[in-house]
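Presented below are the structures under discussion, each in the form of structure tokens.
After this come two complexes, each holding subunit A, first together with subunit B and then together with subunit C.
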Partner chain A sequence: MYNRNNPKGWLYLLPALLFITVFMVYPLIDVFVYSFEEGYNFASQTYTGVGLYNYSYILHDPYFLQAIRNTFILVIITVPLSTGIALLISLALNSIKKLKDLFQTVFFLPYVTNTLAVGLVFMILFKKTAYTEGLINLLLNSVGISSVDFIEGPYWAKMFVLCFYTVWVVLPFKILILTSALASVNKDYYNVARIDGTSRLRMFTRITLPMISPSLFYLIITGFIGAFKAYSDVVALFGTDLNAAGMNTIVGYVYDMLYGNSGGYPSFASAAALVLFAIVLTITVINLLVSRKNVHYQ
Partner chain B sequence: MDKIKELERKSRARNTAWTVAVFALLVLWAVIVLFPFYWMLLTSVKSYASYNAEYVPKFFTLSPTIENYVQAFTAVPLAKYFVNTIIFTVVTTGLMLIIVVLSAFAFSRLEFKGKNLVFTLFLSLMMIPNELVIITNFVTITNAGLRNSFAGLILPSVTSVFYIYLLKENFEQIPDELYKAAKVDGTSDFKYLWKVMIPICRPTIVTVVILKVIECWNSYVWPRLITDDENYFLVSNGIQTIRESGFGRENIPAMMAAVVVISVPLIILFLVFHKKIMEGVSRGGTKG
Partner chain C sequence: MKIVLEHLTKQFISRHNSSEIVTAVNDFNFEIPDGKLVGLLGPSGCGKSTTLNLICGLEVPTQGKIYFGELDVTDLPPENRGVGMVFQNYALYPHLTVRQNILFPLENLKGEQKLSKEVMNEKALEAARLVQIDTLMERKPSELSGGQQQRVAIARALVKTPGVLLLDEPLSNLDARLRLQTREQIRRIQKETGITTIFVTHDQEEAMSISDLIIVMKEGMMQQMGKPQEVYNHPANLFVAKFLGTPAINVFEGKILNHKAYIGEDAIMESDAEDQDIYVGIRPEGFIPDKKGEFSCHFDRIETTGRDTSIVCHNDRCISDTDIRVIVDSDDELNNENGIIRFNLKPNKTHLFSRKDETVI
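Up next is the complex of A and B:
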């Protein structure tokens, strides 16, 4: 009928191929090369040797270890918490008819807003200044808890704000996915269960959870990946000098090594980025293995 | 069926308490979501003096002022950041659309040797995190002398494997017969793409455009790496500069005015297109 081998296809693909080769494929190879080049000098683009020194350096750098610790704490707290809250809110949304669309739209709003800009509002709500304790502290005072500086104060307070803001930022996506998953569960299952006098809890664990388990696992996997790459929300709350604030993340460490006051070391940045990639890959593989056993695919 | 209906009615009556709890939860979360927006708006219309005089911040103001907005535009080049972001967003989205449509067309409609191999390679690139490639891109752009230029800002983000995939799936749903009929009439491939495929797939293309616009408007990391000249700052970088050194002193109302100004375009976009945005995101968007 029409031409089986139409070389013009390559012509249509040319722009995409060009950009993908220059800005994705080549950098992907190059990042490995960089990570093994020792003593790389950014100005003269020369290096002194090849080996594992870059990895050894970052793994002994207290800033990197702190970044790893911060990132892991953030992941361990926010992934289960945000998934749990999202599930709760989606179940609530799914059980109402009136105002469902309105609530759904409101809940999705944080997804489209600028993380840096809204982070500034969170900072102001939590920050203690010379003029005021900050709104959150005044709320705490009113229930008898003494004020704490959440932005420049103790570590746990800063981690609390960060987790709170992260959950606020990631929830819209999770609510959206879970609400549509819940809405697509066939209502007949519930009707039959009701005739049998099944309790609400049992309906949830035996019908709802298995039916939405693919979406739930999708969210857990993307949630882990996203949380490991936390950066802009941290900057929004604590500023760009994250090492000084003691709140750096792995991605923040990569960028600090690349650029800024402590920058100019693409080799260290590459090694750190590859360590991050290895962590994320491992967690994702574990997630997939667990999900294969537990997820009910129709 | 009557039995089911009766049971449903009974359980509804029993469930009033449950419904109250459900609404309480939903309202609570709605307040948590909306409060920061209310607070930024409120603070932005309080005068500098009255804001700092309130030890316990007031939840409303009777004397709103626009002085903070005036300050936000005069004390820092907010308008410049704004225009830069618009240029960046329009050009990036436009270029990306051309590239993505052409590739999706090639993958979905044309037959050529090596197509499947290239498509598989493209798909596997979807799993590569941006953090891995950004280091070399930074070096590439720096060596090309494109720091502090729109080319440097735009070029690395004009392709998206995911959108190519999304559009290809959509293009493939158009029946073969249309293409064959067009070929019989002597229509060229390009004309067919332009006159038939793009109009049919307009909803998906609109979704892709909106999602890309949101992404561009909020992008922070790459612009921060590649620009240190204020003349090329985007709003995200601008807001970070304002936070760290803007307005000379801790002028929080003016800061909030700037935050409102840069948030409004996306909020309007969301209010107009919220159905489309939510549908598009649930088809495979993620954040962060």
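Up next is the complex of A and C:
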């Protein structure tokens, strides 16, 4: 009936293929090539040799190692935490009737709020200035804890703010996905389970979780990828000189290598980007392997 | 286990208008004897499913009591009532195999009731054998046909050997052939286990064919309860008469005058009732073609569908939605003069109903 090599089919795909080739495939190959060209010069478009020097350089660059460390801490803390909190909130939302719509709207608001605006609000909450200690510090003081500089202070304080912010920013989307996943689970499953005397915990682990596992898996994968690509949130909180603040991320490092104070090193940037790519790919493959056993598509 | 409902009433607040109260089940009083297969029959929206949910405990009655045997279960939660329920869409857990689905209720048992793995497996296999799916234990529900899924759902409901089995529209998701097969299966399983079984259906043929007793409902009110053939032969009111039987009963406007029942000018039978306006219901098989018959109709055509020959005719007094349908033996002699066909009526197939409240006279 249908022919896999139907030329018409390829014709219909052509516009999309063209765009993908020009704007995705070619740059990807280009980045790959850059990452092996040593001593590349932007202006003259020349390089001195081909090899692994770029990788060796960034892997010995303390700023890059700091960026990797920051990114991993961010990922490991925020992905499970935000998914877990989103699941709890969604379960709660799903179990109430009154004001459900109101709460859903409230929880969704951060999603439609501008990142930089939200960053400013967090600055006001956390930043210590000459005029004020910041709202959070005032709260801490009132219970007898001395002020902490969350924005320019110790590393753990900055990391705390970053994680807090990231979790808060990604929650709405996760809640949205999970509430709709929960709502689409047929109520009859729960009715049968009730008649059969199933405990609430068992209903959750044996019915709810498997039923929403595709959505959950989707959120974990996109959560990992999103957190590995963190950049704008960090800038919003700590400004553009992230290396100095010790809060750089891998994407931040790539950007700095291209355009920042230490800018003009596309080869280093490309190598860093490929390291990030390798990390994300590995994590995603692991996720997929784990999901084979635990995700139930209908 | 016998089931007794006493003044059972369930009211809901209307979804569209919160000041309006909808009575889904209105003052039910009946007793279902132990070990019977009972069909709860009625048009959609008449409260059948609500009744079932009240019996299994998913809904709490507004008023009234439910007894299983001597035990008042009105305030018991569903898990303590010892009921098994099969939902219309079967509600099999899609991520679990047939075996895991059937084991699910057993794994819920706690404390002293807790069973060993071997006993659970044995019980699951026994239930699966009963419904003849024991060869499909490792499949997922999506790999089964509708009829097989249905039987898995029954096995899951039966595995705890409940005192009462409830089936909500058990056959409505199956195609016509499977429906026939499956209803025989339900009949057989019920007879083998002897569990008191209530099933809900809107299909009168389904209910008539396998039930020991049927309960006909309309708008939350119980209309009649009895053996299927009894209810068919002696409908309590016009609704029951119209609801049972295919082709449907033919209904005419008529009157009683001087102890005779008339349709139009034709005196069709004697009646001791006082003079009044009435409805006359005549079953399709209640007509005997006769040249000198007391009842006349305008002949339209003859339809032969398989074994039945039916005469389609009309009469000005007929208030059924369709033309009059008369089922006759193919060897009956038809008399058709000037487009008028005459019948004698079988008294036991002809029912008179009061025009006022539609009850039988």
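The working rule: the second predicted complex is superposed on the first by the 276 of 298 C-alpha atoms of A that agree within 3 Å, B and C clash if a C-alpha of one lies under 4 Å from a C-alpha of the other, contacts with A are read in each partner's own complex, and residues count from 1 in each chain.
As a working rule, a residue touches a chain if its C-beta (ideal position, glycine included) is under 8 Å from a C-beta of that chain, and two chains touch if they have at least 3 such contacts.
Here the structure is a predicted model, which means the values were calculated and not measured.
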item	value
Clash-or-fit label for the pair subunit B, subunit C on subunit A	clash
Subunit B versus subunit C as contact partner of A:124, first or second or both or neither	first
Subunit B versus subunit C as contact partner of A:62, first or second or both or neither	neither
Broader residue contact with subunit A after superposition on the shared chain, subunit B or subunit C	B
Partner chain(s) touched by A:207 [first = subunit B, second = subunit C, both, neither]	second
Which superposed partner A:144 touches (first subunit B, second subunit C, both, neither)	neither
Touched partner set for A:276, first subunit B, second subunit C, both or neither	first
First (subunit B), second (subunit C), both or neither touched by A:194	both
Among 2-10, 56-64, 74-82 or 272-280 on subunit B, the segment whose C-alpha atoms clash with subunit C after superposition	2-10
Shared subunit A surface residues [contacts with subunit B and with subunit C]	191, 194-195
For the subunit A and subunit C complex, residues of the former touching the latter	186, 188-189, 191-199, 202, 206-207, 210-211, 213, 296, 298
Contacting residues of subunit A [partner subunit B, same complex]	1-10, 12-13, 15-17, 19-20, 22-28, 30-31, 34, 42, 88-89, 92-93, 95-96, 99, 103-118, 120-125, 129, 131-133, 135, 138, 168-170, 173, 176-177, 180, 191, 194-195, 222, 225-226, 229-233, 235, 239-240, 251, 254-255, 258-259, 266, 269-270, 273-274, 276-277, 280
In the complex, subunit B residues that touch subunit A	3-4, 7-8, 11, 18-19, 22-23, 25-26, 29-30, 32-34, 36-37, 39-40, 43, 52, 54-57, 98-100, 102-103, 105-107, 110-113, 115, 118, 122, 125, 128-129, 131-140, 155-156, 158-159, 161, 164, 179-180, 183, 189, 214, 217-218, 220-221, 224-225, 235-236, 239-240, 243-244, 250, 252, 255-256, 259, 262-263, 266-267, 269-270, 274, 277-278, 281-282, 285-288
Interface residues, subunit C side, partner subunit A - complex	56-58, 77-80, 83-85, 87, 89, 91, 93-95, 104-105, 108-109, 142, 156, 160
